[in-house]
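Next come two complexes built around subunit A: one with subunit B, the other with subunit C.
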Partner chain A sequence: MSDTPIKKLNFKELASQLLPEGASFDSCLTCGLCSSGCPASGLENMDPRKFIRMAMLGMDEELSKTPWVWMCTQCKRCQHVCPMDIDIAQLVFAARSNWPKELKPSGIVRSCELTRSTSSTSAMGLPPEDFVFVVQDVLEEVRELQPQFKDMVAPMDKKGAFFFVNQNSREPMSEPDEMVPLWKIFNLVGADWTYSSKGWAAENFCMFSGDEEAWHQVIQQRVDAVNELGCRVWLNTECGHSYYTMWNAINRFGMEADFELANLVTYYARWIREGKLPVNADWNTAGLKFTVQDPCQIVRKAYGDEIAEDMRFVTKSLVGEENFIDMQPNRSANYCCGGGGGFLQAGMTDQRRIYGRRKFDQIAATGARYVLTPCHNCHSQMEDIGDHYGGGYHVVHFWTLICLSLGILGENERAYLGPELAALGL
Partner chain B sequence: MKQNTRHIDTDLTIIGSGLAGVAASSFALRRNIRTAQAGNTGALAYTTGYFDLLGSLTGGSGASISDPWEGIRRLRESEPLHPLARIAEDDIRASFEEFITFLAECGITYGKPGDRNLDALTPGGTLKKTLSVPATMQAGVDAFARKAQCIIIDFKGLKGFSSRQIVANLKTDWPQLRHERISFPEIDQAEIYPEVLARALEVPANRAKLAEVVKGLATDAEAIGMPAVFGIHAPDRVMADLQDRIGRPIFEIPTMPPSVPGIRLRELFEQVFPQKGLTLIPQQKVVSTDLQANTIQLDLKDNYGPIHISSRAVILATGRFISGGLEAHMERITEPLFGLPVTQPASRDLWYRHQYMDNLGHDVHRAGIEVDEQFRPLDRDGKVVHHGLFGAGILLAHQDWIRGRCGAGIAVATAYKAVQAALSVLQPAAA
Partner chain C sequence: MPTVEHNGKSFQVDEDGFLLKGMEEWNSEWVEYVKTSEGISELTDEHQKVIDALQEYYKKNGIAPMVRILSKTTGFPLKRIYELFPSGPGKGACKMAGLPKPTGCV
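The block that comes next holds the complex of A and B.
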């Protein structure tokens, strides 16, 4: 670390600007519910209640410098359990923003920089032409090897398509076959959709790095891309923070967006209800148990319990009602997995795993063999803590299970399934 | 981007998610009333888990009482306006029974309320008069009654619970009591919250590890007490399993807030209400209201955007100052949501007596709204504000629930009455 000084913030003043509707630190009852319910409590001596106390006492110097702010995943669970609705994550964001770039965890900063390095807005820096190529390449292979899908499409830059579908960079970059199940689903329901060569990527770590301007710019590029193609609905892939950063930014920065934002989970549920996705649980003859992870970014921080209900409806349709076991707590009260807030990118592996211990215990208590989650960060984190603490469970995307249930999951599309499902239905 | 207001059309809306609010919701569900509930969890997460009916008579010496039913009969003479004095004994008994049955169905068993108060243990090592305790705490009440040979264990780093202090305070009454301190397996932090341990004990493997340690300590104890950490969402099951592994009776003692029993209740309701068909808008406060001829309109918002509720009846159970049911201004106390008149001391000088610990309590703690016998709030002229608006819980005037140790009693019994009254408006034939 260099000697770059961290500017002193006035947290009390900040709070009066940031906290909505008269919620202030003064209303804090110092009850400790926030700290008790925060998985980061104790990391680097982090304590959300103390954060508030210190701000009240004007300990701005210490707060401006504390590494706590990088232990917090901005999951807003503290706010959810706080009787006074005090939003600590907002202050953490302000404190992060205030850190000079060279002192911030370099992994998060770098992810944000890469996002801005091409018009893809990909946090892995994948340029538009490479994305277009990979999509084309994979599509041709599927058409060739899976005759059932010889007419399948994966449109690019199709003007006026109903859905503008974004794509997490991880798939085109390192596991391209994982894109295919979703294409199959679109194909089956007859969705009018398109990818875009610009602004297609789903990640946005600029928000987590506390770089508001960069966050705004990235979202602007994405909004422009959707507006340009004239799509009706921006359909967010199975990713939490990409939804939240877009949705929140559009409101926060008052952007012109001529389209709706929607989440794949909502559409999975709708298509199943409408009979367009005739999934069932007949394949689960072994009675494999499943649980779901509610991503903070789309449940507690955005849609609330409505989408959580959809997720459970989809899950039960896929695995059988009796094979679904909820984690406790769940939905809006769920714990962050510990992969959010840029933790996975920040390089603080030990702390991240301690944070994730709570999630690990939650999963272990269900006894489930599989965890379903519509979020890439949750996915990676839960796999990692599962390996680290010896979980013996698998983490899967919804698209995998949907295609498995429909009997259309290809051989190369099963990277996340356990051995008992590796060959099912092939 | 368009932000659409979500509209909810319902028969009954309960505003407030403290004990009165959740009790009202449970009664409404039992009666198949289409119900929505909004409001911050308020003080629910702060409870010890004990349900007090009436622990002392506030008018007199403040001494604790053993027979709450006799106490209520006396209240009828000394404080006829006290909410408990206005409800028939049969209704109070029925309300507790129904609420406790509901909780048991949802996974938290409570002892059946009896004719007398129990002497329950507190985290400070004192005793508290209460009507009903969770099953996980019952063995402690029994052990104290028998002064059985017991051991109380605490955990290194755990906040708000010291077995040594408890034993020191109870030693005279309970000589056969010992204490021990152990490390909770695999959790070594300087400061640990009980919630963390309770979550850990939801996992069988962690229970096995704890049981191993505890077994070694308590070879001659008839029962073993621990801070309340026996799981969050299935405490009865967690306790039974742990007890099996340890091989002797165990029990919980509440910790200081934020304590597990309160978190248990909050999570239980958040979990089961939607499953049972209630529309729950968790953690959000209603911000504006509009009384119309046949409906009450409510506006609020959550993270996702604005929500509008149109409801035929409303139960206001917003509590007092902490939860925002009442607001204290320089000169006056107000009810912010419907602007209901608040019965209160004539001036701020009279809010508090000179002595903070004065046996008579402070008049500000008796402030609240007035209701008729149907639990409908009254305006300044003593007229019903709206035929579909009801009030319940500690928002009601003429009681000092903290000193009277009657918080749960007021919450549950008035919620019961308010729901019954709402039902008669909603389904005149059924009621």
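The block that comes next holds the complex of A and C.
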């Protein structure tokens, strides 16, 4: 353990700077809405209301040192329900920033360092040439083994393409076949798209580590990569915090971005409505039940309920309206699963699973056999708590189910499906 | 940092049970320990081939290889690697080889 001390922050001053105009902490009702809806309440004997009250009481030493700041996922549900709109997540971000690097959770720090180690901006440290190799390697295999896709493309560094498509590093690194359903969808709708050998990766643990300068640099590389290719739309695929980290940083740091930001779910919904993705629920003859997990970073923290509605439209189109069961609460009021904010990389497994219990209970109450979510951290966390607490559900990407519904899901693209769907339509 | 004991040997591990000092401290007792904790019944030459490939790549590149590269280097399809290491190449195999825990959204 390092001897580097954690400096004492003045949390009352920081909190005062975050207040909306005309508001005052003296008016705080201490209503506890923030804490009652926070899955991190009770961990480290802390909760959001207590955090604010301790700040007002000048208990800066305790707040500066509490490891709770790494268990709060900065999901902003507390702010969402707060009558005063207090941005507690910003205080947590400030506290994280204040920790010496050597005392921060090593998994988060290392994920940030690897993100900065190559021009890929990949938290797994994948160099550009490896990404280019794996895309080409997988594409050649699909063209050979699935003759109906012998002409499918996965363009790289195509200047002027409409979509600049990002990808979570998990796919090229450890589950490359999961990229294929996405390519098939683009192929089917006739999208003009490209990957980039630079700035292609989705994740940003520098933001989670509280390292604002590193966060800025990572996003600058991505913005430069999109500008360089002259793409119209930076398309965030099924990765939760990727959108938030890009959108927030562009505004926060005043970057020049000559493109729009969009989320793939929005386009899934559009392509289904336009008839370009002719999905239906005919395959679901067993009446398998589905629910969706609203990623905090996309829904509550970015688009709001608009994209949550798109997720539900897409899901119902895929599985049948009668087979969709919402979690309660949901949309912008949904609970964080506990996989966000870098918690999965924080090495605090017991606390993360306690946090995730609320999500597990939410899922269990739906009785759903499958959870759909466009976020890799949600995905990993819900799988982990499912295994840990004995849930019988599976977590799947939207792209898997879209291709399943269309009858074009290949044999190697089914890693996340349960046994009842493992061979359906093959 | 936590430590684990196995056959009288003590190892410092990180929060997720990966060898803290990595390959610097890696030895056959560690392999035995991970074999037990991962529920692998018998270590074969195939396990060793995967460990060798992971270590060699890591020494050269400072990261674990992508599974496609691991497959090409060892000649084992991904399915076989999962049979050898049920918790997967990133978790089980990297842990046994003394590589750090995979980073990113895992």
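The rule is simple: the second predicted complex is superposed on the first by the 415 of 426 C-alpha atoms of A that agree within 3 Å, B and C clash if a C-alpha of one lies under 4 Å from a C-alpha of the other, contacts with A are read in each partner's own complex, and residues count from 1 in each chain.
In this section, a residue touches a chain if its C-beta (ideal position, glycine included) is under 8 Å from a C-beta of that chain, and two chains touch if they have at least 3 such contacts.
Keep in mind the model is a prediction, meaning the values are calculated, not measured.
Undergrad: So if we stack both complexes on subunit A, do subunit B and subunit C clash, or do they fit?
TA: Taken together on subunit A, subunit C would fit alongside subunit B, as the superposition shows.
Undergrad: Given the touch rule stated above, what does A:Lys289 touch, subunit B (first), subunit C (second), both, or neither?
TA: It touches nothing on subunit B or subunit C.
Undergrad: Determine, under the contact definition given at the top, whether A:Arg312 touches first (subunit B), second (subunit C), both, or neither.
TA: It touches nothing on subunit B or subunit C.
Undergrad: Could you say whether A:Asp130 touches subunit B, subunit C, both of them, or neither, answering first, second, both or neither?
TA: second
Undergrad: Once chain A of both complexes is superposed, is A:Lys301 in touch with subunit B (first), subunit C (second), both, or neither?
TA: Touch partner of A:Lys301: subunit B, not subunit C.
Undergrad: Return first, second, both or neither, reflecting whether A:Glu175 touches subunit B, subunit C, both chains, or no partner chain.
TA: After superposing on A, A:Glu175 lies in contact with subunit C but is clear of subunit B.
Undergrad: In the superposed arrangement, which partner chain does A:Pro105 touch: subunit B (first), subunit C (second), both, or neither?
TA: In the superposed model, A:Pro105 contacts subunit C only, not subunit B.
Undergrad: After superposition on the shared chain, which partner residues are touched by A:Leu114: those of subunit B (first), subunit C (second), both, or neither?
TA: second
Undergrad: For the superposed arrangement, tell me the lowest C-alpha distance between subunit B and subunit C in Å.
TA: Distance of closest C-alpha approach: 24 Å.
Undergrad: Which bits of subunit C are touching subunit A when the two form their complex?
TA: 1, 14-16, 61-64, 66-69, 88-90, 100-106
Undergrad: Under the stated contact criterion, what part of subunit A meets subunit B in this complex?
TA: My answer: residues 21, 29, 31-33, 35-37, 41-42, 45, 47, 80-81, 83-85, 250-251, 255, 257, 259-261, 300-306, 309, 328-333, 358, 361-362, 364-365.
Undergrad: For subunit B, which residues count as touching subunit A in their complex?
TA: Per the touch definition, subunit B meets subunit A at residues 1-3, 40-43, 45-46, 159, 189-196, 199-200, 202-203, 205-206, 232-233, 257-258, 263, 266-267, 270-271, 274, 280, 282-283, 285, 287, 302-304, 322-323.
Undergrad: Quick one: in the complex, what on subunit A touches subunit C?
TA: So the residues of subunit A in touch with subunit C come to 1, 105-107, 110-111, 114, 117, 122-127, 130, 133-134, 137-138, 168-170, 172-176, 203, 205, 239, 339, 344-349, 376-377, 379-380.
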